[in-house]
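Got some structures for you, see below.
In the two assemblies presented below, subunit A is common to both, partnered first by subunit B and then by subunit C.
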Partner chain A sequence: MARNADMRLKEKIIEKVLAVCALITILTTVGIVLILTIEAISFFREVSIVEFLTSTRWTPLFTQKSYGILPLLSGTFLTTVIAISVALPVGLTIAIYLNEYASNTFRSILKPLLEILAVVPTVVYGFFALMIVTPFLKTFIPELSGFNALSAGLVMGIMIIPFVSSLSEDALSSVPYSLREASFGMGSTKFQTAFRVMVPAASSGIIVSAILAVSRAIGETMIVAIAAGQQPRFTLDPTVPIETITAYIVQVSMGDVPHGSTAYQTIFAAGITLFIFTFILNNISYWIKARYQEDYE
Partner chain B sequence: MEEVSSGTTGPKATKMKTEPKLSSDNETYKLRARNIDVFYGDFQAIYDISLDILDHSITAFIGPSGCGKSTFLRLFNRMNDYIDSFRMNGRILLEEEDIYASSVKVEELRKKIGMVFQKPNPFPKSIYENVAYGLRIQGIKDEDFIEQRVVESLKQATLYDEIKDDLDKQALTLSGGQQQRLCIARTLAVKPSVLLMDEPTSALDPISTAKIEELIFELKKKYTIVIVTHNMQQAGRISDNTAFLYMGKLIEYGDTQKIFTNPEKDRTQNYITGRFG
Partner chain C sequence: MNNTNSSRFKDKAFRVFGLSAIIFCMLTLVIFIGFIIYQGAGRLSWDFMTSLPSRFAERSGIYTAWIGTLWVLVLTTLISFPLGVGAGIYLEEYGNKGKLSKLLEINIANLAGVPSIIYGLLGLQVFVRMMKMGNSILAGALTLALLILPIIIVSTREALRAVPSSIKEASVALGASKWQTIWKQTLPASFGGILTGVILAISRAVGETAPLIVIGALAYVPFVPESPFDEFTVLPIQIFNWVSRPQHEFAINAAAAIIVLLFITFLMNGIAVYLRNRWQQKINW
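Take a look at the complex of A and B:
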């Protein structure tokens, strides 16, 4: 009996410890959002939200101060678009190859190798972009600046390939075998089966993988901080230096801007902008999963 | 009983001598299997089966689970090719041409020999696109032609009247029986001459089953149908000839009427009367 009571107590303690662990995560998230919001509110007391959203100049650290987020958004947008236009086609091709063509042995070798791309420290990608990709691209595009959105975006695209390939492969492999059989049974080639049956049947999962990859690209910091430059510029020209939201936050956090100043608070305004974007994207992906996930049983 | 005990001593011992007593000489054989052995790795699934399938007839393969009837059926459109450990000996002839010859394009073969599967497996596309699929993969672009063929196939599969206003609806919203008739329509759309059916009604309720059986019977006029079934009443109701398989061997093959009323082998008799299996 006493032993039973002991067991029950133990169970209770374990349960509480687990609950506390879960609570810590939630509290941290709430804390971050709270601080972001409070600091951003005091920023918007100084700067009108209209200027923030419409001005095309971002110069909070200069004497001529201007607080338009658009240049940072355009920089983020540019690098992200470049990254996803590399990662989506390559990642999807890899996923289709792994799922439809590769032998089991080859797949079991290739998959972990691909995941290595995701564990390379991003700072390594950053100087790879700056020291190798940019000089290489300069041989084709002589007017390319030393810092530019193009090589940062390309390298970031390589980094997020595993996000797309791995999640898309999961989506493809969850399509029931019977659909593939149906397609083969009607005289489809492997290629037709892959692109006309498997990919459409897995489309919701593939879209989710792309959205999560975009979300990762938007939040990526090191590569763009190192290789894309620190010049907020309202442009879609990938050959000139730009600055992304994340790179700007790094710049100010590392700099000697006095705490509490408006210039200091800009990073919270930028941070909350970033957070809103990734938050929306993640929610869209959840929504797609819940709403469109093809239900095969 | 003696067939099986002798069977375990070696495949040679069970060489089939029962040629099915089929109808008159002017009827032709659509498919012929010659001395088929099938292996999955070290496991032998089919032992030296030879049988001929008559044109414009319904041939049923019956037997207990794991007897090799599905494996055997899938040889006729080479669906086993995707299994890594699959290996076979023997020849399968479609209108006297070896379908495993290296000159045969398996995609072309499957346009001639369509297949309907155990569980309805429509694509997650619209009803229309499901039926149009086989034509689209052949590169046919003429939308009028496709539409005409889609309607014709749906009518043939006796589904058209039920869904004629919902051709754009998701196929997965149909009932199980409708889905299976859609799968039949999808197969008919590419105009095969043979239909292989792998327990097509095992996932369906009795009413849907009856509809499909009626349909199969109707399709016999234009197609050669080979059906695997678990359901002996079904085999008895719809088939012209029946093959009884047991443990990878063909025990008896012949006129359905005869198999069900007066089989030659005890084992067939036992299975049909429900004493085992």
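Take a look at the complex of A and C:
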């Protein structure tokens, strides 16, 4: 009897310990939100939120201080748009090709090879962008600056391709075979089946992969910190040095800004802006997945 | 008839187009890695591996950097492995499908999408400042552990889910308690899958740069760390530091260090893929 009670106690304790492990994830989220909010609030005591949202100059580290986030936003927007316009079409094409055209053996060789692109550390991609892509692009665009949004965005796009292709392929392969067979039975080619049946049927999954790719690109740090420059500039010109939100945080962290100063708090103001964008995107994608996931059981 | 021809043509065209998209990716990868090897292989030497960093590119080495990476790798594994697997077990085996587990699930999906640099800000405030760990290896490892926790949890859950319920039911029918069933049956049966997920997550942590820069890992550390409370640098930060310098000699150093970093990452991923294949072959439910 006593042994039984012991065991029950032990079981209870183990369950509690495991629950604590799971709760750490909640604590992490709470920690992130609290820390960003607290530091951002003290930042906005010094700087008006109107200036933060409307000024087109971001110079917290200069003597002439100005705190407008717009240049960092435009930099982030620019590199993200370039990256997505590479990653989405190429990634989707690969997903459709692998799912509809490639033979099983070919696919089982190609998928791990594509995964290699996804495991290369981002700092290495930064090196590629700065040392290979920028000099290469300069042969076509002589006025291209040594640091620019174009090559950083392009390389970021290449990095995100396997992300898009594997998520989209998952979505495509979960479409039941009967739909495809019905389409072939009507005399459609593979191309027609892919674009008129498979892609529409898997659209929610494909949209989710696109949204997550955007969120990825917004938060990507090292490529832009290395290859896009450190000059916050309110522009959409991809050939000049710019700065993204993430690259700014890196720039401040590399220097020695005194703890507690307004300059120190700017990284949290920039951080909360970044967090809000990715949070919204991630939740939209989660919502689409839960709401529109086609259930073909 | 014309219509069919154009359909056939589109079909063929897309086949070529799809194949060229893949070739484009592979070619880029080959060019990138070829360039790195071409630039950096000549610089790789025993001296390079065992020298401290220096103002002079030719005398600089990556000794402190790879020792730092090793420290971070071991500590991050020690912290994230039990926590992640524990949380995964709880969510998969105990978490009744109530509101709490729904919340945990959404929360983990969200955490997986938080940019790594935000984890750096969290680590900076919580570990470096509030817990007064300073710019230590421990603070870095804790930050990275939080970063990869969602990946480990998700892969642990997938591995546990793959164990057929008949095994669990048989164990319970023989009088085993819930934990005995998990410990003696479910975990051993899913261990290969769990390990694969953990290794992939750790290899991601090894390549991370941004969060460690934010918590204040240094670019220049003239000594080898000897305890978890020492200041440190890691390979990616050393690479970033060298890439940021204008002199060409430092770019060559960076390329050589990248070869070492890529070797570590590819090795870990190779082990993970090998384990996954072996595990899938061995167990055929």
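The rule we apply is simple: the second predicted complex is superposed on the first by the 284 of 297 C-alpha atoms of A that agree within 3 Å, B and C clash if a C-alpha of one lies under 4 Å from a C-alpha of the other, contacts with A are read in each partner's own complex, and residues count from 1 in each chain.
Rule of thumb we're sticking to: a contact is a pair of C-beta atoms (placed from the backbone, for glycine too) under 8 Å apart; a residue touches a chain by one contact, two chains touch by 3 or more.
This structure is a prediction, so every number in the text was calculated from the model and none was measured.
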**OP:** Could you tell me if A:292 is touching subunit B, subunit C, both of them or neither one (first, second, both, neither)?
**Re:** neither
Subject >> Partner chain(s) touched by A:176 [first = subunit B, second = subunit C, both, neither] >> reply: first
Original post:
Looking at the overlay, what does A:186 touch: subunit B (first), subunit C (second), both, or neither?
Top reply: first
**OP:** With the two complexes superposed on chain A, say which partner A:196 touches: subunit B (first), subunit C (second), both, or neither.
**Re:** first
Original post:
If you stack the two complexes on chain A, which partner ends up touching A:62: first (subunit B), second (subunit C), both, or neither?
Top reply: neither
**OP:** Check the residue A:161 against both partner chains and state whether it touches subunit B (first), subunit C (second), both, or neither.
**Re:** second
Original post:
Any idea whether subunit B or subunit C touches more of subunit A?
Top reply: C
**OP:** Could you tell me which stretches of subunit A are touched by subunit B in one complex and by subunit C in the other?
**Re:** 189, 192
Original post:
How about subunit B: which of its residues touch subunit A in the complex?
Top reply: 77, 79, 82, 84, 107-111, 114-115, 117, 119, 121-125, 133-134, 136-138, 172, 183, 186-187, 190
Subject >> List of subunit A residues in touch with subunit B within their complex >> reply: 104, 176, 178-179, 181-189, 192, 196-197, 200-201, 294-295
Original post:
Any idea which subunit A residues touch subunit C in the complex?
Top reply: 7, 10-11, 14-15, 17-22, 24-26, 28-29, 31-32, 35-36, 39, 90, 93-94, 96-98, 101, 110, 112-117, 119-124, 126-128, 130-132, 158, 161-162, 189-192, 194, 212, 215, 218-222, 225-226, 246, 249-250, 253-254, 259, 267-268, 271, 274-275, 278-279, 281-283, 285-286
Subject >> Residue ranges of subunit C touching subunit A (in the complex, touch as defined) >> reply: 7-8, 10-11, 14-15, 17-19, 21-22, 24-26, 28-29, 31-32, 35-36, 39, 82-84, 86-87, 89-91, 94-95, 103-104, 106-111, 113-122, 125-126, 129, 146, 149-150, 153, 177-179, 203-204, 206-210, 213-214, 216, 219, 236, 239-240, 243-244, 251, 254-255, 258, 261-262, 265-266, 269, 273
